[in-house]
């Protein structure tokens, strides 16, 4: 069986549309994972035990089980207790929270690593602990972990393929759809791989820009 | 405040870390506009004492009063937080390692606290930043990031940042000892300028020459006590105690070989 | 592969066994029982065909997404997995059979307002399984289609009310509902052809194809087929 | 909740968990090897190796592991690579996670203070000696935790091999969902087992990290 | 080696980073047993020059010769590596930030290179480590980890580590400027001891007093050139050039206020 790309153009619009969905879901989930990560990190470090411990358990489940399973539970499970999320939203929440937990680990370490002198200097000026955290410590911690968080975001892009299980017609699902029609798996997986790679290059470009900008702020 | 109340009054300060007593009953009053130097060997408790003044390292005993207000008041947590954040605005502090906020520009470093705490508008905060930077000769660097500054410049910005809160007293903890020798002078000049403007200052330093030329009074601390105290001319030229003499001799050897 | 020159039948005979693939998640045709064995109509038919050809069988379960890819990559020799025979698939693989036929059916909840196929318009959400012929068909009708991984998800979604109707093979769906205790209704007026399910093999193996077809025909004649069908599906589904 | 069913099938889940564990272990070993090679290439003096290393990381991190698996398993035979599904799973996932590990290892190596290299080179030690005796022992401590994160992702990522017919934990659950129509029960079983595996792996990594720190 | 060959000979050294010329044609010969200090403002190229001597920062022009061997020989990569690793064993170097290997004990730090490069047995290497640690007064810390040492102690171990390779010349790049003033003296004492043992040394330093008391010759560098060179008495008391005078004046102000 040789490769035959002649069937590809007919499905190119489907694939590209899938690519757009992938971008959309990645961007939304990336934002959620970023801010969620900061939130979880601050809670894990500073919240009282009544909030911290349940949160810890919640993080544990997200760290300890495959994303596939989490997506399934969020989409098919929550509706049984009356929370009816559209597939796209469920996908964003699943992906976003999954990576938020990873980001939180990074940010926690970074918060602890921010020079003690920074908190002292801020407190000395009269800032409260919360103000110092918000304006001085957390921004620096986040800045310090932008590269690994960027890595997570790129992993998130790849994992967005799993959202196909709950029926969001993102890139992988679109490729599978085309394969289902034509039975040309290699051609379409290759095409999908190329589209993923292009999105990935775009993300890497943006990350490099951000990293260059924050290099000064060290 | 009546005239007999001292400006800054530290009474029977004590501080222990576990069983280690680091500050052993030190009392000190400082008048408005007075400049006090604290010298002493490493580990003698200078930093701890200085940091106790704004309750950054709370004392285990004793009281700190500034203009009739007790700084280290015992209060329920929330009230204490409110109180101490208020009081600290009156006490500027400059650290050995500058502790500029690296993610903010020079302007951002200076305007952050005034905007958050005094509710200054952007325009007012900018004006304030410009004034204070001008005072330390750093106005032309207002839009630089800290990473783009030399050590001496960083320290001058740190001083401007503290001054922007219009503090009543400034504390300096070895403000020049992390600097290359060539950069020390520029920071010393700024401190001299503040002295000439009658800013009340407490300065922990290793530079005897600077202490001698700027300060009204010198405290020599060792092992948590003030061993000797007096005008610089006396402490540096004719110290009474053996310990002071020893320290000064060793110190001069260290610096000048 | 040099399929044109050497028919794979020989190689299979030499090896003495045949690998047949299915998803393992499509009861009653193929599924795992509580002993974790893959059983059902498909494995029974596949095993019987192989037996008649003098071969052992080895059952491979693989996710449906990659099942044709695996056949083409020579990971197994045949797909006996309830694959509908379509023109497009026939361009890529050869089919033995059909070894059973089924009908496309559309189901709704018992209390649904939709009682006729004609009521399905752009507002009605139609659930289908990704990659099945029903998906393509539903799209051709211009339905508002949502795709899922398989029948379990389809049934869940219908129950949850996130889709209004689902399109599926009638037999599999009816048996699943029975098992699940669901009481969904089949729209009565769907006009549709019989869909034949075939055994897919790699192209260019006329001898293998003929041998398998012969085995299938003979078991249909001698009653073995009916026995198997009765056991797993509860009726003749030729 | 159908606990009877869960009780009946859980032994098969245990068996499947064992497949997941085997996959994870072998993939970790292969991934570490690829990561070490990749990092060596990326830090090489020779531009050619640096290019190879960069291309490896870029391609394998830049596309989904699932697609890489498909291309290896289904496309491999066309270029003469015949692998059974388990082998393809280990190799595909190993090379994929190796790209991530390359960056982790490289990051740890370049995080070691440059002064360390200078000091060792000044004593007359060669590049290789410096790397082996001075830099790597220090980098090892820095990389254990981030590698642990890679391994965590890898364990969960083994679920992908279901698509190439390896019956591991996730596909076992899916097969049972197919036949029992009880998705929640089945996922509960597989989820709990994943958590156990990941917990144990996490403890092992924390232990290694502690050991390295004490040394 | 005949007697006319200089011990250490640097000829027309040049170094640029891109278009920035950091070392501009410096030549320097050092006799065996001679002690040379290099002083000069920050950024003048002192470190770069020192690091060029053992080819850590290779020169872009000029030659470095040690006892008749060219250090910065142009060779194919593998041969160069072999050559330079050999030569560097003869050139000890001590950095501002010690760069002790944190994962090895004091003993491990000292024995690593002799064992690897000279094939010393464990016993011999241990003996060597003890000798060298004794020399810097650190024998009692032989089984400590670097993290358990003070800055001054770290630096003394770093010196012992370099000495253990029995170098022909020692280079010091601001060996005391990361130290607290009280700790400077102990390191200076070790360097003085080496001087009394006639070790050839090149010392980049900010401490004029120390330079004056230890060195045979002082080079004042500025902007990549040697502005003035001579015995310490001349350079420190009667410098010829305006630039040297300026630097020394500023410097003394900085240190003594």
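Order as written gives the chain letters A, B, C, D and E; numbering starts at 1 within each chain.
As a working rule, a contact is a pair of C-beta atoms (placed from the backbone, for glycine too) under 8 Å apart; a residue touches a chain by one contact, two chains touch by 3 or more.
The chain lineup, named per UniProt: A = Amino acid ABC transporter permease; B, E = Polar amino acid ABC transporter ATP-binding protein; D = Nickel transporter.
Since the model is a prediction, treat every value here as computed from it, not as a measurement.
A.B. asks: Can you list every chain that touches chain C and also touches chain E?
C.D. replies: D
A.B. asks: Using only Cα atoms to place each chain's centre, name the chain farthest from chain B.
C.D. replies: The most remote chain is C.
A.B. asks: Counting C-beta pairs in contact, which comes out ahead: D-E or C-D?
C.D. replies: More C-beta contacts join the chains of C-D.
A.B. asks: Determine the centre-to-centre distance between chain A and chain B, using the mean Cα coordinates as centres, and give it in whole Å.
C.D. replies: The mean C-alpha positions of chain A and chain B differ by 46 Å.
A.B. asks: Between chain B and chain E, what is the separation of their C-alpha centroids in Å?
C.D. replies: So the centroids are 37 Å from each other.
A.B. asks: Take the average of all CA coordinates in chain A, do the same for chain E, and state the distance between these two points in whole angstrom.
C.D. replies: That gives a centre separation of 51 Å.
A.B. asks: At which residue positions does chain A touch at least two other chains?
C.D. replies: Touching at least two other chains: 1, 76, 185-186.
A.B. asks: Where does chain C touch two or more other chains at once, residue-wise?
C.D. replies: Correct list: 65-66, 69, 72, 153, 156.
A.B. asks: Two or more other chains touching the same residue: where does that happen in chain E?
C.D. replies: If we look for residues of chain E contacting two or more partner chains, we find none.
A.B. asks: Each pair of chains that touch: what are they?
C.D. replies: All touching pairs, sorted by chain label, are A-B, A-C, A-D, B-E, C-D, D-E.
A.B. asks: Which of the residues in chain A come into contact with chain B in the complex?
C.D. replies: 115, 117-118, 120-129, 131, 135-136, 139-140, 143, 214, 216-218
A.B. asks: Could you list, by residue number, the parts of chain D (Nickel transporter) that touch chain A in their complex?
C.D. replies: Result: residues 59, 61-68, 70-71, 74-75, 78, 100, 103, 146, 149, 152-153, 156-157, 159, 170, 183-184, 187, 190-191, 194-195, 198-199 of chain D (Nickel transporter) touch chain A.
A.B. asks: What residues of chain E sit close enough to touch chain B in their complex?
C.D. replies: 41-42, 177, 180-182, 184-185, 188, 206-214, 250-251, 253-257
A.B. asks: Spell out the part of chain A that touches chain D (Nickel transporter) in their complex, as residue ranges.
C.D. replies: 1, 60-61, 63-69, 72-73, 76-77, 102, 105, 148, 151, 154-155, 158-159, 161, 172, 185-186, 189-190, 192-193, 196-197, 200-201, 204
A.B. asks: What does chain D (Nickel transporter) use to touch chain C in their complex?
C.D. replies: Those in contact with chain C are residues 5, 8-9, 12, 15, 70, 73-78, 82, 85, 162-165, 167, 171-172, 174-179, 181, 183.
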